[in-house]
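Take a look at the structures below.
There are two complexes below, and they share chain A, which is joined by chain B in the first and by chain C in the second.
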Partner chain A sequence: MTLTAPPAAATALRRRPGLRRLRLLGGQGPLFTAALLLLAALVLVAALAPLLAPYDPEAMDLTASLVGTGGDHLLGTDQSGRDILSRLLYGARTGLLGPLLVVAVSTVLGTGLGVLAGWRGGWADAVLSRSMDLVFAVPGLLLAIMLVAVAGSGMTAPVVAMAVAYTPYVGRLVRGVARQEKARPYIESYRVQGWSGRTICLRHLLPNIAPTVLAQSAMNFGYALMDLAALSFLGFGVQPPTADWGAMINEGQSAIQQGAMLPALAPSFCIVLAVVAFGIVGEGIADRIAKRER
Partner chain B sequence: MTTDRSTLAAGHGRTADAPVLEIDRLTLRLPDDRAARPLLDGVSLTVAPGETVGLVGESGSGKSVACRSVLGLLPARARTSGQVRVAGRDVLTMGRADLAATRAGEVAMVFQDPRASVNPLRRVGDFLTEGLRATGVPAARATARAVELLGAVGIRDPRGALRRRPHEFSGGMLQRVVIAAALAGDPALVVADEPTTALDVTTQAEIIAILTRLQAERGTGLLFVTHDLELAAAICDRVYVMYAGRIVETGPTTGLFDRPRHPYTAGLLSCTPRLDPGAPAPRPIAGRPVSVAEAPPGCAFAARCPYAQPRCTQEVPALTAHGAGLAACHRADEGILP
Partner chain C sequence: MNGITRYLLGRLAGLLGVLLVTSFVVFATVHLAPGNPVTFLLHGRPATPETVAALRAEHHLDDPVAVQYAGWLGDALRGDFGRSTQYHQDVATLLGTRLGGTFLLVGYSALLVAVGGVGLGVLAALRPGLVDRLVLIGTGIATATPSFVSAIALVSLFSVNLGWFPGPGGTPEGLADRLHHLTLPAVALATTFAGLLARVTRSAMLDELGREHVDVARARGVAGRTVVRRHVLRNGLGPVVTVGGTMLAGLLVTTSIVETAFDVPGLGSLLVQSVTAKDFAVVQAVTLLSVAVFVLVNLAVDLLAPLIDPRLSLLTHGEGTS
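Right after this comes the complex of A and B.
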């Protein structure tokens, strides 16, 4: 009949709400921590690129074309004589900004539509779910290429297209968990207390499904990064001479035939690393939720 | 801020002696593909201010459906006739805003499982004060009220409890919090749907004691839904016994238990184990409860009733006065029960 005495650590966490939020990100094993640190480093690098980069990423020097590693250029130069390391560092900026916009828009849209569909049910659910299926059926890359054909290449069209294409991924998931959550007795007990559906959704349902949405968004971030890089690689996205990992692979292709692997391989490696890290973080959060549910 | 609860005027429609709850010939049907018989068939029930009324029955008897209708919670696609008047107003025909105001101000519900009926992520303090805050009570006053309520339900260190989360409480303690929350809006009626079923036996008695003490102190009407006859006998002023969607017997607790008129009530009593020396061994009622897929003509209990006659399977017995209560049995006057 006595209250369970909270351990000291829990008490400390209770006093600092900021720390408690971080608990969702901790205690998942070394791989998860490593991925999280990697992403933190990536953000830092993107933010500090002008300070870290030894050269101007867009400065060409045709006399120094395809210089090898070491020496003046740590990772060598590309065919136009631009410093690969500097381009990688700057490339992290476009590499993160694009997916960030895609994930922000698709998460907000998808969560809104998903909660609406899951909470309302009936015809609202039918209309929203079928609409999301429709968007789901169109491949994101195809949508982006269509939009680029209309609006021209650059960051805008691919980001808008990807935001639309990713919305149903979030929307379907949120609809499912919202329905599940709605069926739980505590939601009914709020109803019985006279609260409106809108208030219950905003104040109770949404915060309680937020971790699930966060997990999906982290994974989507990785996928969006890959898709946007693919569009840049195809020449639809970020245009040269701006540093972008996808565009760098494209430009580095021809160097492979000249025996220089690094101009294409280095940005590929960055993309793989970032995508895998986002995947691990996303799955780690999802695992944690699954554990908590049990 | 939300507008949904702000429209409630404290205590509107309450007078001293008018019943806080009147269920008047409530019949509730589901579409034919989901149930062959009505889930509720002409159920009438009243709760006066300060009165504790028990609603007793087996699972599937319709007692939960009946008590949830008090809050306007009906099964999907249900059709109803009759009225459910809370503080004089019919909740079944109310508009949304009125229903929200009634739920916020007049009726409160205590659910079976406190663990499931409280948002696991919110602090207990938020849980207790948000209803008050929404009706315009200032934060400091709401907090003071929450502390007072937690003290009243016997939570030690009420101020500290406000900052805790539901998982830090035991089931019994959490149910106390739920009771405190139910009383926060000073409701005219509390509906408790098997509030102790999910708890340890040792905590059950404490929860019941708290609930009945606070209810008596505040003059709140209490509709207590349970399958536990002994419990109903211990705390209720009057008891309604339900079987297959109908009230089969009702009356003041003492009369009902000392001298049941309906064979079902008698059957329920004799299958309750008793501890006093020389007490007869519990005798289970033969057969099984009527499922919603069956719609027997006549008395629904006839198939299990040791006293059934041909008439019982043909005519539905009406609820008629016998002694101090009412019973729905063709043979209630014949003295068939020992």
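Right after this comes the complex of A and C.
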């Protein structure tokens, strides 16, 4: 939940009006664009990895272990003689796919439950809110480790655990926003016109809360990326020899003791860059909403 | 019954509920696991019908699940978590030997988070312009850096290149040497959290600095330093304590990653090893203990926050979070 603490804190931050003035890394405009472009490039790299990668990411060559930068291998090789650049490019695939699944499931589930709780109120709200509190009480990382203990290592257990752990973050946020929206006059006017609750929710409530959810999801994407990489680092996530940033850092640890930094530092850099970019985009969207509402 | 008593009883009931549900989930993990619990207990040893029957009897596997759970929970409450198949030791004894390492690391790290986070936040709020900008950029990167990435960067710089601190592993002797060994792990663990706390502190300070009472204090001729200490910091402490407290709970979980990266013998690294070794009794004990501490710390923060900042009433706070 280390790793789950950040989203909680992030939500807390956004509720503080003073933080609306906060700019992540300086000026808003160009940085936001740069972050978006970086993320687009990342998606492109992940999609085109087989075309871009100069080598097979899993091809070992023990005669070329820990080759330096430049030459045949632009970023050098790891201990097993695998090309680091190719592994980074392929690593973007698992690096993005995992968080994508986590965010998609938690966003859909959290929005559904949040709207239900916020719109219905009463016992439905009580039951849903208590259940979300319960999931909140168990840190996501711990949940994932427990699930791995039962179901074994691989992508499945960590992704399922994180999707469950992230749902209440979205759920609580949506419940709050839905309650606010519901109290607004425009909703009442639709009701007076005889629209059903379901139609109002689908056609008007959801589109109005979508930007808020999007901002939270963008930030969750970065946190999920960190959490899943951490689990791969522990050896519970994506299994070797598949290229994955977290797993690459784990494998690169011993090379550091021999003075070769790149096998571990290159994927570290990719993770930080991606997380920073998702953070900037998330805060940028949140900022825009705040400005529009003022 | 007045409001506060009701609130406290409600929170306590919620706490017990969370612990009951999670303890059942933790207990059920072995039963939900694909395959038979006996297969796990056998650990690849040859299974004669006699040994299987003996194991089933020993672990009460033929009783109804509710009875098994009650028995397990009763044992756990008395401090009996079974035996570790990995270390051939009582789990409680094993946890006892590992508790100290985690405690020291988390304590060291919490100190760094508090001093570094609040210090940087105050600095940024008081020095707008270049310093503020640098702190914002630094903390922006820090919050995006997972602990294991910090670990790698710290080891390659301060251990391998500069040789100031020992690398992963090693058996330190004496407290000073232990702290020396724990410095890099503590910094790695603290980075993300310190970055977040610095940002929370900064914005809380800026909120207070813009208030009228601060202008009034200045106009009365109160010294700048005193204004900051008595009027700004004191008033802005509320959110800092609340966020800082939840971070303490976060540190307790993230420590498993850092302990693994630095080979620190603690509860977190024990948990990771035990998952790999399918040592279920240990996994159950550590997860149950972690959730209990996590929930208790969060409750303590909620109860203590109004003492530090009386404006945060327990009642309104309770309604705000429900």
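Everything that follows uses one rule, which is that the second predicted complex is superposed on the first by the 266 of 294 C-alpha atoms of A that agree within 3 Å, B and C clash if a C-alpha of one lies under 4 Å from a C-alpha of the other, contacts with A are read in each partner's own complex, and residues count from 1 in each chain.
Following the convention adopted for this analysis, a residue touches a chain if its C-beta (ideal position, glycine included) is under 8 Å from a C-beta of that chain, and two chains touch if they have at least 3 such contacts.
Predicted model only: the values in this text are computed from it and were never measured.
Of the two partner chains, chain C is the only one touched by A:A229; chain B is not.
Touch counts on chain A: comparing chain C and chain B, the chain ahead is C. Applying the stated contact rule after C-alpha superposition, one finds that A:M261 touches chain C and leaves chain B untouched.
Contacts of A:L134 after superposition on the shared chain: chain C is touched, whereas chain B is not. Once the two complexes are laid over each other on the shared chain, residue contacts for A:R184 go to chain B alone; chain C is not touched. After overlaying the two complexes on the shared chain, residue contacts for A:V276 are found with chain C alone; chain B is out of touch.
On chain A, the patch touched by chain B and the patch touched by chain C overlap at residues 1-4, 6. Contact residues on chain A toward chain C in their complex (touch as defined above): 1-6, 8-9, 12-13, 16-19, 21-26, 129, 133-134, 137-139, 141-142, 145-146, 148-151, 222, 226, 229-230, 233-236, 246, 249, 252-253, 256-257, 259, 261, 264-265, 268, 271-272, 275-276, 279.
The touching residues of chain C, when paired with chain A in their complex, are 14, 17-18, 21-22, 25-26, 29-30, 32-34, 133, 136-137, 140-141, 143-149, 152-153, 155-156, 160, 167-168, 192-193, 196, 199-200, 203-204, 206-207, 239, 242-243, 246-247, 249-251, 253-254, 256-257, 260-261, 271-272, 274-276, 278, 280, 283, 287, 290-291, 294-295, 298, 322. Across the complex, chain A meets chain B through its residues 1-4, 6, 14, 184-186, 188-196, 198-199, 203-204, 207-208. Interface of chain B with chain A (complex): residues 2-5, 8, 71, 73, 99-105, 107-109, 111, 113, 116-122, 130-131, 134, 156, 161, 163-164, 168-170, 172-173, 185, 202-203, 206.
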